[in-house]
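Take a look at the structures listed below.
Both of the next two complexes hold subunit A, though its partner changes from subunit B to subunit C.
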Partner chain A sequence: MSTARLESVPRVGLSRLPIRFLVPAAVSAAFAALLALVWGDPIPSWWNFRIGPWIDSVENWIILHRGTHWLFRYLFDPLSRWLHNLVQWDLNLLHFLTWPGLLTLVVVVAARVSGIRAAVTAGVAVFVIGGLGVWEPAMITVALILVSVAVAIALGLPLGILSARRPAFERRTRVVLDAMQVMPAFCYLLPCVLLFDIGYPPAVVATVIFALPAAIRLTLHGLRGVPDQLVEVGTANGATARQSLWKIQLPVARPALLLGVNQTINLALGIVVIAALVGAEGLGQEVLAGLQHLDVGQAFDAGLAIVAVAIVLDRLTAGRSRRAARAFRRDRTPRRARVELVVGLAAVAVAVVAGKLWSSGVFPTSINFSVHDPVNHAVDWCRNHLRNGVPIIGGTGSISDFTVLHLLDPIRSFLTNLPWWGVVSGVTALAWATAGRRVAAVCAVALVVVAGLHATGSASGSIWVDTMDTLSQVLVAVVIAMAIALPVGIIAGRSERFFAAIRPLLDAAQVMPAFVYLVPVIGLFNVGRVPGVIASVVYALPPGIRLTALGIREVPAETIEAARSTGATNRQILTKVQLPLALRSIMLGLNQTILMVLSVVIIAGLVGGGALGVDVVYGLTKSELGLGVEAGVAIVALAVVLDRMTQGWAAGIRGVGGRAEIPRTIRASRSKILEMETA
Partner chain B sequence: MNRSRRLLGFTIVLALAMTACGSSSKKGATGTTGANGAKTFSGSITLAVNPWDGSGANAAVAKVILEKQGMTVKLKDIDENAVWPALDSGTIDANLEVWPSGHAKDISTYITTKKSVIDGGLIGPTGHIGWFIPKFVADAHPEYKTWEGLKTAAAAKYFATAETGSKGQFLLGDPSYVSYDADIIKNLNLPFKVVTGGGEAALITGIDTAFKDKKPLLFYFYTPQWANAKYPLVTVKLPAVTPACTASAAGQGKDGKYACDYPTDHLLKAISAKLQSKNAAAFGFLEKMKWTDADQNTVTRYKNEDGMTIEAAAQKWVDANQSVWKAWLT
Partner chain C sequence: MSATDVPTISCRGVWKVFGARAERVVGSALADLPRAELEAKTGCVAAVKDVSFDVPEGCVFVVMGLSGSGKSTLVRCLSGLIESTAGQVMIDGEDIAGCPPEWLRDLRRDRVSMVFQHFGLLPHRRVLDNVAFGLEVAGKPKAERHARAGDMLDLVGLSGLGDSYPDELSGGMQQRVGLARALANDPEILLFDEPFSALDPLIRRDMQDEVARLQRELKKTVVFITHDLQEALKLGDQIAIMRDGRFVQVDTPEAVVARPVDDYVRDFVRDVPRGHVLTAGGIMGAPLDADETEGTVAASTLVSELLPIVVATERPVAVIDDDGRVCGTVDRLSVLRALAEDPAPAHIDGVPA
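Right after this comes the complex of A and B.
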């Protein structure tokens, strides 16, 4: 087995080892000494970006001038009215269709786009939305999502094309797109209210900000995937740049573009709940109303409806798998296509008329799939039986205390007790030794920026300390998430059946809003940092499991056969062949897990996580925008450090994860995963 | 060809979404005072509903009465902070229950400086913020019913949790609610540490768990709040409000000197200045609307204990209290 091992495990030559660690260590030590000598500890007050005060003064100006200044009268107000009308008309259209009409339309379109099985699933999902008793709010959510996605695509497609054609433009906007994806939506939701008033418009704008980077990057990714030869053939045949784009590049990139649409919808669904905070109503309002009275059942019904909406929209845009698409094309004649179109339209028309006649299109209340009572009973049962008195482990209450005392507290005090220059240089040295000089430089800059944030009113009085506190929680959550994701992912990678069984669960966990399971989590674990950690783990598990499983599955069958023929046991195959080869993919899973955990820092703050999460919530709700934005910047900086470092690790590993490489789309990688799973 | 059809399918959906755009007709809202002095109510207004029962009760009662007079009243569920820009622009016409303690900055910005929002006077009910303990704790340890009793090391140990270590835990809920607790603890030398629950749901779940487990808990809470009816709670007596504390509170406690009980919140109505010219009758009604703690509690009790919808509960109250609200219409 030793040869297999030598080939697969990345190794650093012994002679290079000292250089690899000594140089960064020496440089970082010098850097630390410089920071310590010049700036000292604590962070000097003159090292201050004054982002907070500046934002506050902008906010004040906006408040005093909104409604009167030309910027509002001729730009933001008309834009806001236009967005409102767009959503309202969409909503009117959905109402006009009535529920039987919409059900038929969804089934017809899904059958045409993604096949019969997808159509059945989508139809059932539409029916379930009605049966959950949330038809009206669901229509508002659907209208909001459709408009937001349409706007995001309308902006993302040209920007993606521009990025593909002008690499300089792509390089310069990279940081902005990263920030848009990692900055918690909470940070810009309330500022959106100042610019676009309440209701649908700020919700649409916030959703577009959040989903636009994915639309741009997947367009770029798709265009970059077009083989050069194809473009060259076109040019050789005299195609102009425009012809080449419209006739060659875009058609070839179409699968990736559709995936971009699909992914944009998925991201847009993530903002449904907080959009309700600014009066956008819809399913998010139902979740919040349930939360207000600790009625988990009500929130869960609405959460299930959000999952159902996600399924419907997914089936409408997913398309067929490659093989099914080929078969579909083969059997299709123009005549048959025409007949299908006419029959489909007729069916929708009949359904609309039937819907109007039958109780004027209102979903019958007699059909009821609500899981309200069972969910509430289950939550009560868990709290009564799992909190205390479980043999050996003692129950979730004691697990909670153990996590605080033996994991969170030591790591937090380690990080907060280190002088700030120690943290900066330590992280830089680590990044240098493991991921290279460039990554180290980025990490150093990001952390020095955090040191320059001094907004008043933060949870512990210092943004730096809050950042270290948040970092400690993120680290613990990531360790727990990976400890679960690795074994589950390995089993899923080795057993097709198991993977098929957990896939719907993974999908649901990613779409179900975290707000739904916050109350049970706080009920089981004591208020404080632990519920936040647990909520982050639940949210971050799917990508970790997926990428681990994919890495294992991608190991070529011949390699495994070869190992088996040399007499390797199952266990040896796993530890000596599959795991080493899947390491790169697992590393990317780690990267995604970290970013997912960071994206729920705010949610964690809402259940006792404190630190940066609470800073953002406090700053924005108390109209101390400066504090909220500075805390948001700190979260982005943490994300940049952890993302670049783990991507650097993954890049340094040889393995089969090559195809799992993330096209620089933080969080958008789900599409890539989907692409690989369906391929 | 399939791919192009697939794209077409989606484009149709998108096109339906996009091309459906047009202009909406805004209903002209009017309301005039007739020649004989009797007001005529017409047009439509929008009232804010903040995420607590009292706010919903006020708005529902106003809706029932005004719709009886022939108006259309829309209710908008919205966060209590996002409501201010909406009052400023006139998208929302009034918020009938503002807790002034938590909105000093909004009041000074929108009401005093910009004058785009009008102080519509008091709605009647009063809010009380304070420190609370479960009744079973107060029964077992009557000494913890006053702040002096919390000074001891025994108290710290009794209320301690993993998060607070050797100190006692003081649980706070939504960080945007006005809170002087860290200063009160510091200035009164209490061996306690504030843990920010982060949201109202977190705080109430914490209370619920304390009652389930019969564990001690000291926390920030207030009345009126639906949970008061479900969980028997006892107020902890804090030092009476002094002029120094009133001065500190005027500056949002930023001087860090607050060391008293919370002042009573006289809940007020905030009305968009635009409503005055847009619909004078509705404006006059909202300005005059004033009821009591008991009235509001009656409506929320119909909802929470009798399982009525908030509108049905409001209707029941309106039917039974003609004499109270007739005066608001003149």
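Right after this comes the complex of A and C.
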């Protein structure tokens, strides 16, 4: 990273500018010539990693030996059974509580942990879940989340502590955690299915893989946030290392650790829904079914229920604000705490009994806020009235056509018509000139690896072409997303009221699984590449807006005042002070936007997005694991190229926001942003 | 205050060099290079260079220096929080270098306490539990440590605030908690690392008075780090002026003001109101016969207090020591000279500043 930082510092004088671009250009041209001469075009067949065939043979071997080999008999199968039983046990507990009991329990716990207002919100959310008519699937999703989060935290906390105490361990695991976070979840669902069969266990494992890096990194971040002086106080008072950990570091880091738990839950929720693809039931399956039948209403009900579950879990773990916590602990005598505990338990017990007596605990169907029919009517109306003939913009149909004809197709044909060595060397040159040698090397390797993937049966017949297709979709979506996010973020950064107004929207948009966006978009734009692009724009807007706004808000008031006192106008303050200083944060926003767009563009394979997404989905549903995994490798390579390059841009910028450590420590978008907001 | 044969703290040739292969810097010509040059050349930073001093039991030893002079590193070497690179740090005659961690831990639990610059209070614990922290890690039962912590809070004037949390107290009160915590294990040695530099001036003066009062009552052996000369003069029995890791001058407060060893120290003490530091004993001339003097003053009388006395009489005044014996005389001239003497050479040459 240090080279990247040095070489992309934008202070390079004019005289050095040509060198800055000439050297990378010259080296890349030589590289291109080498590739072209030695390997030629198209990609020679001998440049083949044969990952697909190898995976296929592994798959066959597994199918043959599943019942006999010790790996399965003594490792994966018992683990799989254990996870299944955990989920089942959780589910039984939730059923035992009955809905009134669970409602009461949620209210009591939320009141104790996060205060009365949070308790009311959580209670209403529980009620809404029932009212949407998805109580049963919601319980399955909750059980999956509880098990996944428990496992992720049980692994993440000790590993985070270990990383904090052994920097060498932290350095060595960093790459692995990076890869886990960049990789779209879709990619590791496949191996999970292979090892754990279908059902709850692969869903839990995939969720743990997705949430674990955040759990580790937030623990590490929390422990690193403990002031050195407090650790020294421990030593100066004669505390042992263990005493220092338990009496100083963990308690002081507690708020950060709780935030970590909260974030882990949020991440888990985003992924557990995708797990529907591997046969785990729950809300995800409801959304998926809605998607497959183009029943927007059904998917919407389930989507709202997911948001409600997210709200409940958030309120259960959010804790109190600093001020409220202080007031709470002041009023709290031991006697009062005991009384509260007894009353709370009694209330839950009474509610459970009442639930058993009254309609045997099943949520009454008479309470119903399903939005199924209104949503479907609205979708029909839109389809009938907005598709065509809207003045000026012409309707969604023509927007869709325009996007395909004038944006997606030209870029795709440009990328696919370029010889593969041209793409490799061009990207390398760009990375070198803007983000440094090391990033350029990583990009070159990643793309050359993609060139070595030749699985049969991919969407266009070639993984390379599919990768370029996906890249074209990502580029279009990112440009649209940033074109919207920048101005909105700038306004939000300059107007407190506007930011406060859109904040709940941004929160809700990020909790909603990417999946859910596809549904209404298909209603409007039909299947194909466009709904994927549109859905990914919607999904990726919040981090772009947030990080732009945060960057602008983090410019110190003193700096603004200084600019104003020298006579700068509002516009000058924006263009000469706020934007340059916020640029680093905006770059991180771009980085987040790209990664989120990529994850949705892949999911859009489900609705005709084609390219790598459809390869993965095909691999997943048709048991073409070789193809699925090769497409997964290509996705990871693409993610690495885009991630490293934009990270490199951000690292080279001096400014406020996204303090150097944060991007590398916590990649998961929502955690990072919350981290910055609460810092 | 009776100094026993063995000083409570004794340092001999202590070095602390940060960086890889730090030993090669110790005692070599490298150590005399300017900081940046040394770091460029070796990657090392020499924070403490060849420092030696003794603190007898019950005395207050103040280390004064600007930021970056190495004083905070030095104080950490005294309890082994930072291991010195070379030299001896002796506590009660025992060299702490090379002692096992368990021994150092017991040293910190029983005999040495520290008060920190930014208080170092644990935000998740009540004030009472903060004060009791050292006793808790030493394994004292709850009732005992809470009783002791309550006593300490009474001692520093925070009675009844044990149930508060640190963030509910003002800065001055927080540092009183820090003080109470340091006193809770009844240590023989108290280390202060710029304890009042984060407080505003009025509170700082209160806290200095508080420390002076406690020291009169408790008679601990104290090493006090500060960058505030007034504070050093007020609290110190001995003052060491530190610059770039070395002791430039180690002396009594009065001697530092009266006889600075070089321009660096002279610069420091230039603005000190001399009348409030110098004493009759420090400026007196040779004793005269009893019939030539009029009246007596104690040797510890400040020059500012001496002024009205010499104004009232034309004859010299006899100075007597603690035992009542005449040890010298002061007159108008010696008082005026003491007050007027400007250490800046420019003025001696008659060139206006």
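One rule holds in what follows: the second predicted complex is superposed on the first by the 602 of 679 C-alpha atoms of A that agree within 3 Å, B and C clash if a C-alpha of one lies under 4 Å from a C-alpha of the other, contacts with A are read in each partner's own complex, and residues count from 1 in each chain.
The definition used in the following text is that contacts are C-beta pairs under 8 Å (C-beta built on N, C-alpha and C of every residue); 3 or more make two chains touch, one makes a residue touch a chain.
Note that this is a predicted model, so its numbers are computed, not measured.
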Scan A:V617 for contacts with subunit B and subunit C and give back first, second, both or neither.
first
Just checking: does A:V176 make contact with subunit B only, subunit C only, both, or neither of them? Give me first, second, both or neither.
neither
Should A:W89 be classified as contacting the first partner (subunit B), the second (subunit C), both, or neither?
first
For A:R320, decide between first (touching subunit B), second (touching subunit C), both and neither.
first
Using the touch criterion from the header, give the chain among subunit B and subunit C with more contacted residues in subunit A.
B
State whether A:Q229 touches subunit B only (first), subunit C only (second), both chains, or neither.
second
Contacts of A:L288 with subunit B and subunit C, given as first, second, both or neither:
first
In the overlaid three-chain picture, which partner chain does A:R254 touch, first (subunit B) or second (subunit C), both, or neither?
both
Is there a shared patch on subunit A that both subunit B and subunit C touch, and which residues make it up?
251, 254, 329
What residues on subunit C touch subunit A, complex-wise?
79, 81, 105-110, 113-114, 116-118, 120, 122-125, 133-134, 136-138, 165, 167-168, 181
Residues of subunit B touching subunit A in their complex?
1-7, 9-10, 12-14, 16-18, 20-24, 51-52, 76-79, 81-86, 88-89, 91-92, 105-106, 109-110, 113-114, 116, 161-163, 171, 174-176, 195-206, 208-209, 212-213, 226
Subunit A to subunit C touching residues, read off their complex
227, 229-230, 232-240, 243, 247-248, 251-252, 254, 326, 329
In the complex with subunit B, residue positions of subunit A that touch it
60, 63-64, 66-67, 81-82, 84-86, 88-90, 92-93, 109, 112-114, 143, 146-147, 149-150, 153, 190, 193-194, 197-199, 251, 254-255, 258, 261, 276-279, 281, 285, 288-289, 291-294, 316-317, 319-320, 325, 328-329, 332, 337, 383-384, 387-388, 397, 400-401, 404-405, 459, 518-519, 522-523, 526-529, 531, 605-610, 613-614, 617-618, 620-623
